[in-house]
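Right, one structure below, let's go through it.
Per-chain residue numbering starts at 1, and chain names A, B, C and D are given in the order in which the chains are listed.
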Amino acid sequence: MSKRIYLDHSSTTYILDEVYDEMIKYLKTFFGNPSSFHSFGREVRKTVEESRERVADVISAEPREIYFTGGGTEADNTAIKGIAYANQSKGNHIITSKIEHHAVLHTCEYLEKKGFRITYLPVDKYGTIDIDALRDTITDKTILISIMHVNNEVGTIQPIEEIGKIAREHNIYFHTDAIQSFGKLPIDVNKMNIDLLSASSHKIYGPKGSGALYIRKGVRIEPLIHGGHHEMNKRAGTENVPGIIGFGKASEIAKKDMENNAYKGIGELRDYLQKGITEKIADVFVNGHPEKRIPVILNVCFKYIEGESIILKLDGKGIAASSGSACTSGDLEPSHVLFAMGVDTALAQGTVRFSLGKKNTKEEMDEVLSVLPGLIENLREMSPFSAEFEFPREAGPRVKHKH
Amino acid sequence: MNYSEKVMEHFNNPRNMGEIPDADGVGLVGNPVCGDMMKIFIKVNKDTEVIEDIKFKTFGCGAAIASSSMVTELIKDKGMTIDDALKITNKNVIEELDGLPPVKKHCSVLAEEGLQSAIEDYKKKKQKNG
Amino acid sequence: MSKRIYLDHSSTTYILDEVYDEMIKYLKTFFGNPSSFHSFGREVRKTVEESRERVADVISAEPREIYFTGGGTEADNTAIKGIAYANQSKGNHIITSKIEHHAVLHTCEYLEKKGFRITYLPVDKYGTIDIDALRDTITDKTILISIMHVNNEVGTIQPIEEIGKIAREHNIYFHTDAIQSFGKLPIDVNKMNIDLLSASSHKIYGPKGSGALYIRKGVRIEPLIHGGHHEMNKRAGTENVPGIIGFGKASEIAKKDMENNAYKGIGELRDYLQKGITEKIADVFVNGHPEKRIPVILNVCFKYIEGESIILKLDGKGIAASSGSACTSGDLEPSHVLFAMGVDTALAQGTVRFSLGKKNTKEEMDEVLSVLPGLIENLREMSPFSAEFEFPREAGPRVKHKH
Amino acid sequence: MNYSEKVMEHFNNPRNMGEIPDADGVGLVGNPVCGDMMKIFIKVNKDTEVIEDIKFKTFGCGAAIASSSMVTELIKDKGMTIDDALKITNKNVIEELDGLPPVKKHCSVLAEEGLQSAIEDYKKKKQKNG
């Protein structure tokens, strides 16, 4: 198993050694409750606050604008519900996009049941949201715009600086789910006029169960979790100390990596893999924006076959990737992102996302490229579809697409 | 979600995969839009109504491919008549596969339907041809 | 610092070596996302489900009735808001008690703003809730009773089996915050008619940032955190895998400890400390029920002086305890629990909670007993109050006590 | 929440702790119900109005005790007159203590008030006694 190849970093990452080393001190030796008054508590509080600085640094925020959460999903929920409930008297309209993560979409759908009106902005074929549609859809009841920075399936980068400007002009709060971009792309919450931003530790080589919400100072939210006075009364519950410490260290390293242009090399590997796949395999379609795309993600549709079966075959060869197919998630329909981008649904069922990380090598890409063509051919042989027996045309208008 | 060893074995070494060019009956069920489509071909002995050959082609996940493989194996190994074959249900397929994850049960239903659809096609053709 | 004495286990515990050893494997080697389909994910999913069994075992529940959360506070919020919102059509009345943890009280106060009516049951001088008042207060609009199992400040054990019976008779959901008792006192959710139960890992020698909510099968709640399909659609967000693994291991050990009567020895130490303090120091009052009290907690009022100053002095001697005083928490009034028990407020300001753990020794108790009298005397010398200059009588009815 | 070293030093070694049995002025401020009460005793030179001795007794947290100690030290070290003493504010106390945590600012206010109250008491008594 030691020769396995991991290409699912956008789902979760391993923990870097430096992160691990710092964390385990707070599992073993420094176990105090940071809210405690005695020495066991104080020695922990200090490092928690250092972690807050490290996280803040990544996005040019102030430490006191960072609130630790139990993960990225909780951060998204806190931001969106928190702003919605705190501003109900001002309006009930929220603008988001069709390609958000479920943490945002399902939260918005929930708010619809609670009387909010949600606009789900369309995207073009590259998965970029329609800025004009955004402008047109703003009303005097609009209280929040929530648009992700980088899409987790196809990697397309959204024009958040432009969105921030529009939001600011209209005096509307702007939240961005930056869970895929935090620590990978430069972000400046002030320049970009971001009021709230979600981040998650386990996407940047930190531990799972740890996230953060940036809330611009002065912006009021209704807390999601009530209880003690933790996190400046915005998120109750004894802090996940090792998780916070690990997230802090991972943030510090991520910032250095960005400064050292570490993602350039990863992007070259990704492009190498993309080139190899498209050259070696017929009927392959790359999803996402050709340039405005995060360098770690490669999303590909393999025509005539289904994604889960590809993932299973790859897994049999020790290669881990993920699928945008319906089967894997237990839903009946495939990726809402590809659907919003106008990708044919049958084609979308054959999607694989390769997401690269810091330690992937060219040798690993070569291994994938040597294994993948045969495996795709094998599955295509099993498939009733081919250039001679094409996918049936999608019949008529489809029922409402469940996210 | 976890597949049984049996499912994986059939997925990796599917039995009876392919087409029968001059099949007596062909069933086509499912929809690629929903992630699964199965095509089942049968060759039937006109006198004994025994299914003498059966093959499949499947677009779908691991469970769909393994179910196709299993249902064809069940038929072929036992030399079943079409009447016996019509008694095969998705439950049999699941059992023989040592179980399927709950979200994958529909794949075994598809296998049952694919087989039935091929037999229906055979019957229809038989009627037509006298 | 190696000779420090930790007596604040009810605030948080260190992590046992066995727990640590199991956890770090899932920090380092097994880092996959349990939702992933490939081998990295599957190997983790398996152990997450084993942890679910281990947690379930402690309270005789079924594994699928256990939902992992980011901590005890989140479990309380999920239970109470979850039941409240899912049953709004049936009624809007919730019964709780005046001595709940803030995770419950502040959640209930929040729900009051959202149109729910909350009854806060009184307690007697021992901190036991008034069962007759509970019966009297039930109406046909009552949808939930939320009463803690063991109070975290004074340690009093509530008659939850009786409460469960009453709830069941009236067809009302019963939630218990068992964060202080889980893994320390026997609990059987079926015998006790408990519908929802909150537990937290860092109180039983597991990691922080990990908790669980038991939800009886068939009981519907509205999720608190929306997003992906995690935790059977009841709690979205990538699982805190090492946290869950650690919680599982800690639960397994706690169960064995209970079977081996480990808390008998701790109780004897606690009683030894109590006896020593009350014998050696004048004007000392022990809070909580004399018998129906969890064996790890000793809550004492030292008359004429203030709690934080005692904690500081103890801390100076390397002894960690916690205070029920207002000063420490940043509130203006001291413990709402002692207030509900009718303890004079000035006296309540002088409260210290010693909470014992598995590794405390008689030598440590002797050390506390040798240090404490002098330190109390020293502070009393500083105090303007004494038997000659008594606390002023509390004047008239007080304003509403903020929890 | 963290106390400065200076606060801890004054908490652990409070200056001027105690009572003055024949004090010229006594101030009693705060309320034990709220967690802090301070009693300040002063001895004043009738001619120069210099505070010649000052002592305190305090019921309260670390910050309350340190603030009491600091305010008395400020007076005594400098041999202040009551007029000068009245100029001392809680800000001075906080500064001299190298800061107080935000939730503890009120403790320094109490020290200021305690001192003023003692001086008032002195003045009242002086008036009464002619």
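In this section, a contact is a pair of C-beta atoms (placed from the backbone, for glycine too) under 8 Å apart; a residue touches a chain by one contact, two chains touch by 3 or more.
Not measured: the values here are computed from a predicted model.
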Query raised in the report: With respect to inter-chain C-beta contacts, which pair, C-D or A-D, contains the greater number?
Result: C-D
Report summary line: Greatest centre-to-centre gap (Cα means) from subunit C is with chain B
Report summary line: Whole-Å distance, C-alpha centre of subunit C to that of subunit D, is 40
Requested in this report: Would you mind pulling out the distance in Å between where the CA atoms of subunit A average out and where those of subunit D do?
Outcome: 57
Requested in this report: Measure off the straight-line distance from the CA centroid of subunit A to the CA centroid of subunit C, and report it in whole Å.
Outcome: 35
Query raised in the report: In angstrom, rounded to a whole number, how far apart do the mean CA points of subunit B and subunit D lie?
Result: 92
Report summary line: Note: subunit D residues in touch with at least two other chains are 1
Query raised in the report: Where does subunit A touch two or more other chains at once, residue-wise?
Result: 37, 308, 312, 328, 330
**Report entry** Residues on subunit C engaged by subunit D in the complex (per definition of touch)
**Finding:** 304-306, 308-309, 312, 316, 325-328, 330, 332-334, 345-346, 349, 381-385, 391-392, 394
Report task. Provide the residue numbers of subunit C that touch subunit A in the complex, in ascending order. Result -> 1, 4, 6, 8, 11-15, 20, 23-24, 27-28, 31-33, 35-41, 69-74, 76-77, 101-103, 106-107, 109-110, 200, 202, 207-210, 224-229, 236-243, 308, 311-312, 314-315, 318-323, 328-330
Query raised in the report: Inside the complex, what are the residues of subunit A that reach subunit D?
Result: 37, 42, 45-46
Query raised in the report: Once bound in the complex, which stretches of subunit D touch subunit C?
Result: 1, 3, 8, 11-12, 14, 17, 28, 31-39, 57-65, 103-104
Query raised in the report: For subunit D, which residues count as touching subunit A in their complex?
Result: 1-2
